[in-house]
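The structures come next, written out as structure tokens.
Here chain A shows up in two complexes: once beside chain B, once beside chain C.
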Partner chain A sequence: MEWTTTIDAPGKVCLMQGNEAIVRGAVEAGINFAASYPGSPSSQILDMLGKIAEERGFYAQWAANEVCAMEACIGTSLANARSICIVKQNGLLCCADALHCGAQHGVKGGMVIVTSDDPSAHSSTNEFDSRFMAESADLPMLEPTCAQEAKDLVPYAFELSEKLRQIVIIRLTTRICHGRGNVVLGPLPQKPHQLETVSEWERLTCVSYRHIPMLKTLEDFREAFEVCSYNSYEGPEKADKLIAAAGTGVLYAREALRRLNVQDQVGLLTLASIWPLPEKTILKYLRNAKEVLVAEEVDPFLERNLQAIAGKNQLTIKFTGRGDGALPRVGELMPDYLMSAVSNLIGRPLPEKEEEQEAPLLERELNFCAGCPHRATFYLLKKALKRSCTKPGVVIGDIGCYIMSGQEAGHYAYQACNCMGSGINLAEGLGQLHRFGMDQPVVTMCGDSTFFHAALPGLVNASYYHSNMLFMVLDNSATAMTGFQPHPGTGITALGHKVEPMSIRAICESMGCQVTEADPFDTEGTLKILEDLLSQKGLRVLIMKQACATLMSKRHRAKRRVYVDQTKCIGDGCGCDRFCARVWGCPGNSWDYKNNKAVIDPVSCVGCGVCADLCPAGAIQVEGGDENEQA
Partner chain B sequence: MISTFALDSTVLQEGLCTTCGACQGLCPYWDCVKGRTITYFECQRQDGRCQRFCPRMPVDLKALMEKAFPGENIIPEIGPFRSLLLTRAADPDIRAGSQHGGTVTALMELALREGLIDSAVLTKSKNTLDPEGVLVTDPDKVRQCSGSSFQIAPALAQLNRALADDRCHKIGVVGTPCKTLALYKMRYDPLPDNDNHAGNIGLILGLFCGWGLDWDGIRSLTEKYADAGSVTHADIPPSKYHSYEIRAGEKTVSVNLDEVTPLVRNACHYCADMTCEFSDLSVGGARSKDGWDVDKGWNQVIVRTKLGQDLIELAKAKGVLEFKEVPDTALDKIKSASSGKKRTAMRYLHEKYGSESLGYLQPSADWLKTITD
Partner chain C sequence: MSRLEYNPLNIVICGIGGQGNVLASELVSSTMNDLGYKVAVGETYGAAQRGGSVMSHVRVSETYDMGVLIPYGEAHFIIGFEPLETLRLARKYASKKTRIIYDPRPVYPQGVLAGRQVYPDLMKMKEEIRSLSAQAVEVPAADIALSCGDPRTANIALLGAFSRLEGAPLSSQELIDVLRQRFKGDVLAMNEKVFDMGCKAMDGKEDD
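Take a look at the complex of A and B:
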């Protein structure tokens, strides 16, 4: 796919994913520096940038976390570099301090932050509307409605950023990131942006007296946005019914107007400049309007701000949208929602919908992949906690694939899970309560990527203050959930270079932690280790080492054949009750309902063979392959 | 009711579980750690061996007894009864390592040696603590299991594993009343589609039991009064001594029984069986006019079935046991003590379930009432 991002063919039309279009936009803008931490739905952007960086003469980095990425970008700006930082909503929140300080001191070389929001939290723990961060930090924000705009807004944002010496944020949402559309390519620069010597008296410092100039800059952006060609209007010259929309809201509104055939009755105001809002442009349309429907992703941000503009100008307008329930208050927008809201707006009943012919999909809970080491880890943790203590263990989750352990996949492992890297800190606090008689074992965990991302200060804290807890690092050698991006433990960089991997064990030990390593696939041995650690006091670190199953199958490990001896399987009889398929729950352990016996799904099974160790009837057999074989 | 839930809610949560092990060794759902029965995951079967075998699930003792001991003389207070004996092992080595007279050790050795059984599920403890069930096939290894522990071991888990293996076909079992009741449930109330190879259970040798003790509690108490690693014997002399004796090395420490009573396992308060009524023969400490110093080297034995009687006669013929005269009053004393335990159990059960219910013994309520009134 990378050729579309580097081909020098102005005017050529390419079908592009939104994320890809951002990459193309960055290349057209001649960036010098890109940094990110993976997060859906925008993880692919730096993946692609990394692959073309050396060819296009810029540097790309998978940073240890978003704060590192964002601050690195700010740093390069001092040398007049054009830098792009890509984060998801939660990542942007991580960077709140850097963002607010950055806004106050501004930038020299252009700096663009691409943030991706995940309405309905398809690949996230929570919804968040990052537009509030722009408002809060007094930073300009743009939002594209399609891949073409996603590409075009990047060079536009860099130009504005350099002209007004301020960071510019581009907000994407999942459908924009992953949706595809035609993109007309622009010209590529001959070479990347020109770096400059950092002079002795140049300053990018966050000081309070910069507050007023910062607000002045924001007004300059407002003026610039009054003439922003990405803001547009379609519909009757004077519309008393108006839809104001941004991002996907524009697409769904346009579709609803077309399907209801009321394009000539209802106006559609598209706002690409989300913050600060171009008040004059907006007022031009508000003055004619009696009723305004606002279509936007996540929160009623535009709705409230348009209400404020109307109020300030004594306009009497009825506003509807996500704020008043005309559109759902939470979750992703859908074309049908807009159909219904636009029908209400024009006072016409909703046309009857054709019956859907397709059978509904089965509802399924999220589950660990076949052969996932986390399944074994949480199976063993559940057992070890029951064995080692009469009171329930207190388990704190964290962010990564293992967040699914809170569901059936992990036997409802944890009582609390906050944000990325929070597990160790929640546990640290609980681990101090032993002095007041709390005698429940406290356990938390994080993955290897999360370990580098946000657990290190927490580990320092827990170690220094001798918290009474077990900290498990679930080291599957991958940032698995977002697609196997490298992290400092992997020994590879975004550019594909091999470097010395950092040892999680050595880091923990250097912090004074007692470290044990275990293999979750060694169910018997690791259960003993867990039980032993749970019975101890103080801070204990357990590194669960077993590679991600998907990673292993990617590396083409010699696969072992696992099968169920049908004569031995006792099915749902007393003594088993479908233990492999129902309790162990690996997608590879399937069920033959006709014969009421277990079967292995050869397509899903990766050959880890753990279920063979657990089968109470000894019916699961493993054949061939060397279990220790590593490609 | 879903099996794991049934046991968990009606037995474990209610504090009725003695950790006999009857629900264990059968499946991946039940296990036991240090006298604590645990369930790891939920089994969703409606019926299962765990709830059928559990001696704390509802049971009609009279009906089961009539089914299990057809034609035997059943004395309501103490169950099937052929004779009462006072015995001890003839071999002084056995006596030296045993709780009282070494009768159980001598009989199990004999049964194994003579092929009455091909294996035995026994309980082995180290320094009277942390007992575990073991499967013994070598008669010479029986005496390694001599001596008692006041912690109840989940020995039936071991039995269940041995039954599933189906390699031993006449397995002798030594157990407390909760365990042997479970064995008769295995025999006479099997799961329709899974007999658990209960036919492989052979001789059942019961132990008189007042109660078991909390695992952690008795460990702490032992550690408080003795070097736990050198304890060789623990016993409770007749009630007038009001003590719990711990022998460690050359020394015997006498602990006031008041320190021990609170450690009695809650589940044992609800037990209505002192003499291990469900067994081929049952063995306890002797009580006679000779006094404790003599009695502590003897056992009293209730012979209950033909199998039990055959074993005793074989022991007599082989000179494995020594016998002495049983005082005339002995049987009445046992009956009275046994009724006392039944009354206590009923009192505890009524306290827990109200005056209208005896909980798991409700199906046996009428019978128990006639015995204790």
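Take a look at the complex of A and C:
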């Protein structure tokens, strides 16, 4: 809710999502500039910043990728702007070079990077721990435990960033980003931060002799963190059993201590300043401790660093946590993991759980949404590969909704999928092997947002070196997976302004590519185009144009009614063997078990009508609506 | 004096992506915030748009700052949008204290429609849900919503029924007030109608 981010009511208590709290913190800090590329779980931050930017007098941008976003923030810092860059874990990795160089030259106007890690990879391909990037780049990092701290840490980070002229990173995790909690609002500044003229002799340059001053700055942060009010301790004055926790681990540990009623026996040290660690503060508690349980998300980063501090000071302490299996080595923390680990810490292990008697329940597979154009694309691609190629095709995936084509939803379409924007490069390599007799067709794809994000240098490469491959751009007019953020192909900006959209076709053609366009909902025509392209050699680009179904159903509700004429449906057995429900697999195509016939689920169906074209018996009917209707 | 039977009070809301789970948890939690309570909400919606299981944890307390996830066996209420998802989470989070309200209408996973998986026997699931809880009430929320013309309002029907459960932390009137803040015109009228039908569906079952 945007009102919570801009309302001028200090002291008011609002329920806020962690992402929303970051926005409020940025507004309270009087930022001038914000840039990001969408990535779950923190996509909502720039979505919200964009909506309030003009009202609050700052600029917000959905950049083409994270590197553009981060470097733009560094640039504005030279003019004393306060800037915030929001990335997810993988985006931060994309920015590794900019980050390390940025650390070496530092900043003038405050700069804060918000990075979101995704423990358990709820909406990611992998888990990653951003804290290693802070350590590697010698940059300070903070981590909140709840929405309130997520808000409060933003202005605090800006103040430190300006005082010590260095980038400050705030690490979030999915539970903080998507969680909600009470937030007490702070005062809003009268106007955004004051910009300054860039003088002739000001410098932000990455040069090797800056290495020693950079390390000195890191020590200044360590000193500042010794008195950081977001670090805290609760429990007995001298605790021989200690929990050291950060982020979500803090509240889970506190609840476990309360439920086991041992708050007066076990100490709880909360660390919001995650890098560099305030060693003096930590030592105060480590000196009394015999056993320390470390509660943190993703890797045993804190655990290893506390071990190092203990070792350096010749302390004999038993450390437990993610590193030794007291807490699971992978996956997000859960309250019950802390219950069990704290019980072990106090020597009262929980009773062994009885083996579950019931049969496990079936899991729901991920699927493309009802009416998703990708379903048609992969159905047709598989069909075309079978029909027109004597050897099996090699298909390379990429990052976006279409990553699900690697599962049943896309008929297990691809053999390899690496990181975002990698598909075209993996395929480019394979497409060079024809000179050694590799004559399998090579196909890869990327979405429209991924095209702008990271596929452009790959396309330059593939075109310049004449790779033998088919490159499909699945243009659904949105960054769909993360919530429909605009990108340079959409003609919309984060501020909601209309601008000239960039043509994917024109970009490809300017690089010397042969470009074909197809509509995956025109199943017959697109199948023919695919078969034709697969029989050719050299680099071929095929743009699949059809808007995201969810985006369309958001834009206009009036839709066509699709239904099954059950008198025509040949159904089970020796008929079509339930083509619509079994093979096509759209959530809108359900099954009427009573009559043993197909049925359309009116709740899911968005009215695209593609199944009506594909039904071998012509039993699926489409009623009303203009077939060419487009928003 | 307290309207909270437990401290903290824990509510699990579960369903499938796109069913309005998140809005339901947001309406309950922001109402409790406005009433002055400490609230923590955890949403699990990694694949929300895409047919996956989704759940929200809503935690309310007068005294404690809470993590956003409920420990196993500690749910006092479960609001389920679908029987399989209700059972899935009842097995993890329910105890003999738990009151469950759920829509018994199955939403078949894609694997079931495709014939690769078998949907569990509905009667057996209902029995197990009942055996895992203090009280389990079926509310045909999707049918109510469809009969009112918008299948997306099933969440509001369930909230209506929830507000009538014994020990519910907020009243029907308080939830209606929130609906009136959030929606206007035809949308509000539709939501009020669905909410009322949800309340009535529960009232008729009080003697179960």
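The rule is simple: the second predicted complex is superposed on the first by the 615 of 631 C-alpha atoms of A that agree within 3 Å, B and C clash if a C-alpha of one lies under 4 Å from a C-alpha of the other, contacts with A are read in each partner's own complex, and residues count from 1 in each chain.
The criterion applied here is as follows: a contact is a pair of C-beta atoms (placed from the backbone, for glycine too) under 8 Å apart; a residue touches a chain by one contact, two chains touch by 3 or more.
These numbers were taken from a predicted model, which means no experiment stands behind them.
Asks: Superposed on chain A, are chain B and chain C clashing or fitting side by side?
Replies: When both complexes are placed onto chain A, chain B and chain C end up side by side without any clash.
Asks: Considering only the touch criterion stated at the top, classify A:Val13 as touching first (chain B), second (chain C), both, or neither.
Replies: second
Asks: First (chain B), second (chain C), both or neither: which does A:Leu614 touch?
Replies: first
Asks: Of the partners chain B and chain C, which touch A:Lys382 in the superposed model: first, second, both, neither?
Replies: Once the two structures are laid over each other on A, A:Lys382 reaches chain B alone.
Asks: Tell me which partner touches more residues of chain A in the superposed arrangement, chain B or chain C.
Replies: C
Asks: What is the angle, as a multiple of 10 degrees, that the CA centres of chain B and chain C span when seen from the CA centre of chain A?
Replies: 90
Asks: Just checking: does A:Arg582 make contact with chain B only, chain C only, both, or neither of them? Give me first, second, both or neither.
Replies: In the superposition, A:Arg582 touches chain B and chain C alike.
Asks: With both complexes overlaid on chain A, does A:Thr550 touch chain B (first), chain C (second), both or neither?
Replies: A:Thr550 contacts chain C only, not chain B.
Asks: For the superposed arrangement, tell me the lowest C-alpha distance between chain B and chain C in Å.
Replies: The answer for the closest chain B-chain C C-alpha pair is 8 Å.
Asks: Do chain B and chain C land on any of the same chain A residues, and which?
Replies: Of chain A, residues 582-583 contact chain B in one complex and chain C in the other.
Asks: Can you name the residues of chain C that touch chain A in the complex?
Replies: Residue list for chain C touching chain A: 16, 26, 29-30, 33-34, 36, 38-47, 49-53, 64-72, 84, 87-88, 91, 108-120, 128, 142, 146, 151.
Asks: For chain B, which residues are in contact with chain A within the complex?
Replies: Listed in rising order, the residues are 3, 26-29, 31, 33, 36, 38-45, 47-49, 164, 191, 193-194.
Asks: In the complex of these two chains, what residues of chain A are touching chain B?
Replies: These residues of chain A touch chain B: 382-383, 386-388, 390, 411, 572-577, 579, 582-583, 614, 616.
Asks: Which residues of chain A touch chain C in their complex?
Replies: My answer: residues 13-15, 40, 122-123, 146, 175, 178-182, 248, 251-252, 254-255, 258-259, 334-336, 339, 356, 358, 361-369, 401, 404, 408-409, 550, 578, 581-583, 585, 587, 589-591, 602-603.
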